[in-house]
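I'd like to ask you about the structure that follows.
To keep things simple, chains are lettered A, B and C as they appear, and every chain counts its residues starting from 1.
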Amino acid sequence: MSSLQDFTQFVFSGLTSGAIYAMVAMGFGVVHNTMGIVNFTQVDFVTLGGMLLYGALVSAKMPMTVALPAAVAGVTLAGALVEFAGLRPSRSRNHLLLILLTIGLSIVLRGAMQRTWGKNSMAVPPLAGEAPLAFLGATIMPQAVWILVITALAMSLLVLFFRKTTAGLAMRAVASNPTAAAVVGLRVRRVRTASFALAGALGGLAGILVTPITTLRYDVGVLLGLKGFAAAILGGFGSFPGAIVGGIALGLLESLGAAYVSSAWKDTIAFLVLLLVLFARPHGLMGKGAGA
Amino acid sequence: MSPRAAASFMARHRTGLSVIGLSLALVPVPLILTNPWKLGILNLIAVHAIVALGLNLFVGYAGQISLGHAAFFGLGAYGSAILTTAFAIPPLLAAALTAAGVALTALVIGVPALRLTGHYLAMATLGFNIVVHNVLVQWDRVTGGPSGLSGIPPLAVLGLAFRDEVRQYYLLWGAAMVFLTLSLNLVRSGVGRGLAALAEDEVSAAAMGVDVRRGKIAVFTVSAVFASVGGSLFAHYMGTITPDTFGIFTSIDFVIMVVIGGLGSLWGSLAGAAFVTVLPHLLGPLEDSKDIIHGLIVVTVLLVLPRGFLAGIADLAKSRLARGRSAMRSPMA
Amino acid sequence: MATVAPNGIILEASGLTKHFGGLPALHEVGFVARKGQVTALIGPNGAGKTTFINCLTGLLRPDKGSMVFDGQELFGLSPHRIARLGIARTFQNLGLFPRLSVLDNVLCGLSTTAGDSLLEAFLRTPSLRHRERRLRLAALEALDTFGLADRAQWPAGALSYGEKKRLELARAFVSGPRLLLLDEPVAGLNPDETERVGTLIRQMRRSGATLILVEHDMDLVMSVADHVVVLDGGRRIAGGAPEDVRRNPLVLEAYLGKISVTA
């Protein structure tokens, strides 16, 4: 293979993981915008997506066309449930407390998944086709194409949702000014539950798409999710385009860094980037300005 | 001494007396609890308590947040391990050198990181922990890689080696009592009040003359040193250390210890350390559900008694007492 | 350290300017405070009074101008440095520490004199213990003066609003500051509590303190101030003895709007 082909390969791989990071980053962003907190359970939504897909395909023997939406729906519901049962009861506004609360809920979720599906790694069937494709001299898995296509689709739907639907508008209103939103009659609590549900959908979809490539395990979402978080910070926490930019940037940095510098330290790249951004420019590449 | 004078003496010196009281209560334990496995758990509690105390000063008292203290714990452990095994440096000196190195690291990280607050700070500490953990795993020439380091000698002072569980017990709990005393002293000083003030309201604290930035960095460094010493003791106690002990989930465990015991409650940190350390061993048949139960307890404590278990109960008692007193004074209020 | 003679100028601000995105909160404001006197700063809402205080205490950085306190330029100093020069303040919306006890709040007011090193604190040296005892006595005395002695162990958040305002005062006063800045100390208080605070302010003045008082309550201002400065729209529009300022048409206009003669 020529070095150009190698390069194309790495770029593609970076774009693929970048798309996943972007989706996870957006899940973090939605909750942060409507509730002002970092939601640690986001990492478990990713795992849960993979788990539910596996359950639907392997245990319930559904066809992929049914299993995929079913899995997404499942994680969406789980997201809403986490907010409703886990976060709403807290009357605290203390950020530290709320972060710890989502950590606690994350531990519960992970424990529940571990109890249900065990500690072993599982193989999730890919969306369609196993045979690698050739593209610009690089070899890519069809799953990677699916990831890019579906992520792009999901992003477009999300844009439409936020701009054109009342629910999306309500979310933006609550994100912008919860008091004013309540005053004009928006059901702030409902919007918050909905934003958690949306975060669940995004995280779950990311898990559904990526676990056929990586393996599926009860804690697979943790590393992925944290990298998604790093991508969110890189792009500007809470910023929608920032999530995409951050995700892609991080994916490429990781892929090219692992290829041309050192592969052993691949996983460290994301977090070095995270630290660098936080120390030098906390609001990231596209952030709206200093804020914590 | 008259009873009143005695009572006044006890009230004024209640902190010191409480520490002495606890120490006395701890002394006969190895004679009663002869099972070395149970003693081992107690020893682990002591190590965790030291880390939790330092973390409480930073998180509970100064109101900051760290999800990465296992990094300092790990640096302490590996530092001591490497210095004693590869360089044959006496354990106490090694621990001191390591602590100094960790303090420097904390300063270097703290200066940029503590400009952040809330979840930005949380994630910076988390990121730091992940990077340190990865270094411990990847830099195998120095750290022994995923299988870690073994053959770490037990701590020895003047030829007396703390080899068996009983001796370790006195060493570790002695150290824990020392760190408890140091923490209690800090909290009762002007410096400690400054930290509590900046936790409540940074702007107001600055207006009172508190150097907020320096205070945060100082307490961060102190908590890192506590964790480092805990790590050094841990390394000498266990004899073998591996990187997975020092990842983000351990950091989260430390925070849970502090939260359950009560943010800002130093005595509570001892209880919290005990609770979190013992819990997995108490579950028996429910072993598989360990994580769920762990998580549920954290969630319940945060929802019901957000100030932690001990502090929450103390608060309830205090407000009852205060209301009772004012009711007595003004019956027509 | 009496480097300034009584009634000598202890604080002089000149040309103080601060814009917030184009809007002038302060424009070329000049101000003089004399030692041992109460200088009141009045003006309608939004006139820039709190902005002025925030500039003086280092919370805000003015765009330009100078603030000289007893020979020391305050421009560019951080808030805690300014506090350590002996300038204490209260906050309009209260800057108490609600979860700390009332006593601890006042002890925090003594932070500038506490001066412990970390090592001293850890070891709880005899000198530290001695200092703590002295500080505690001073704090209890202040609580007594401000009528809060029986609330000493209460969490500050549990006090009534009037008590909180007094605690805010006690905390600022306890360190014997060379300059005390009070930002609306009677806002929101009923007439009895206002009277009580007025008495305390007069007491502080009698004990030789130098005060800058930002207030809306004209009765209070007239009864305690030696000198009054008026701000409106970020500009200084008048300054002088209370009776003169009260009759100044510019001042009346600022508060009441332009008086037009109608047939």
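Following the convention adopted for this analysis, contacts are C-beta pairs under 8 Å (C-beta built on N, C-alpha and C of every residue); 3 or more make two chains touch, one makes a residue touch a chain.
Source: prediction; values computed, not measured.
Undergrad: So which chains count as neighbours of both chain A and chain B?
TA: none
Undergrad: Based on Cα centres, what is the most central chain?
TA: If we average C-alpha coordinates per chain, B lands closest to the whole-structure average.
Undergrad: Need the CA-centroid distance for the pair chain A / chain B, whole Å please.
TA: Chain A and chain B have C-alpha centres separated by 33 Å.
Undergrad: For chain B versus chain C, what separation do you get between their C-alpha means, in angstrom?
TA: Taking the mean C-alpha position of each chain, the two centres sit 40 Å apart.
Undergrad: Any idea how many Å lie between the Cα centroids of chain A and chain C?
TA: 50
Undergrad: Inside the complex, what are the residues of chain B that reach chain C?
TA: On the chain B side, the touching residues are 182, 185-186, 188-194, 196-197, 200-201, 203-212, 218, 222, 318-319, 322, 329.
Undergrad: Within their complex, state which residues of chain B touch chain A.
TA: 59, 63, 65, 67, 112-113, 116-124, 126-128, 130-131, 134-135, 138, 252, 255-256, 259, 263, 288-296, 298-299, 302-303, 306
Undergrad: So in the complex, the part of chain A that touches chain B is made up of which residues?
TA: 37-38, 86, 89-90, 92, 94-97, 99-101, 103-112, 114-115, 226, 229-230, 233, 237, 264-265, 267-268, 271-272, 274-275, 278-280, 282, 292
Undergrad: Can you list the residues on chain C that touch chain B in the complex?
TA: Residues of chain C touching chain B: 57-59, 78-80, 83-84, 88-89, 91, 95-100, 104, 107-112, 114-118, 120-124, 128, 131-132, 135, 150, 153-155, 158, 171.
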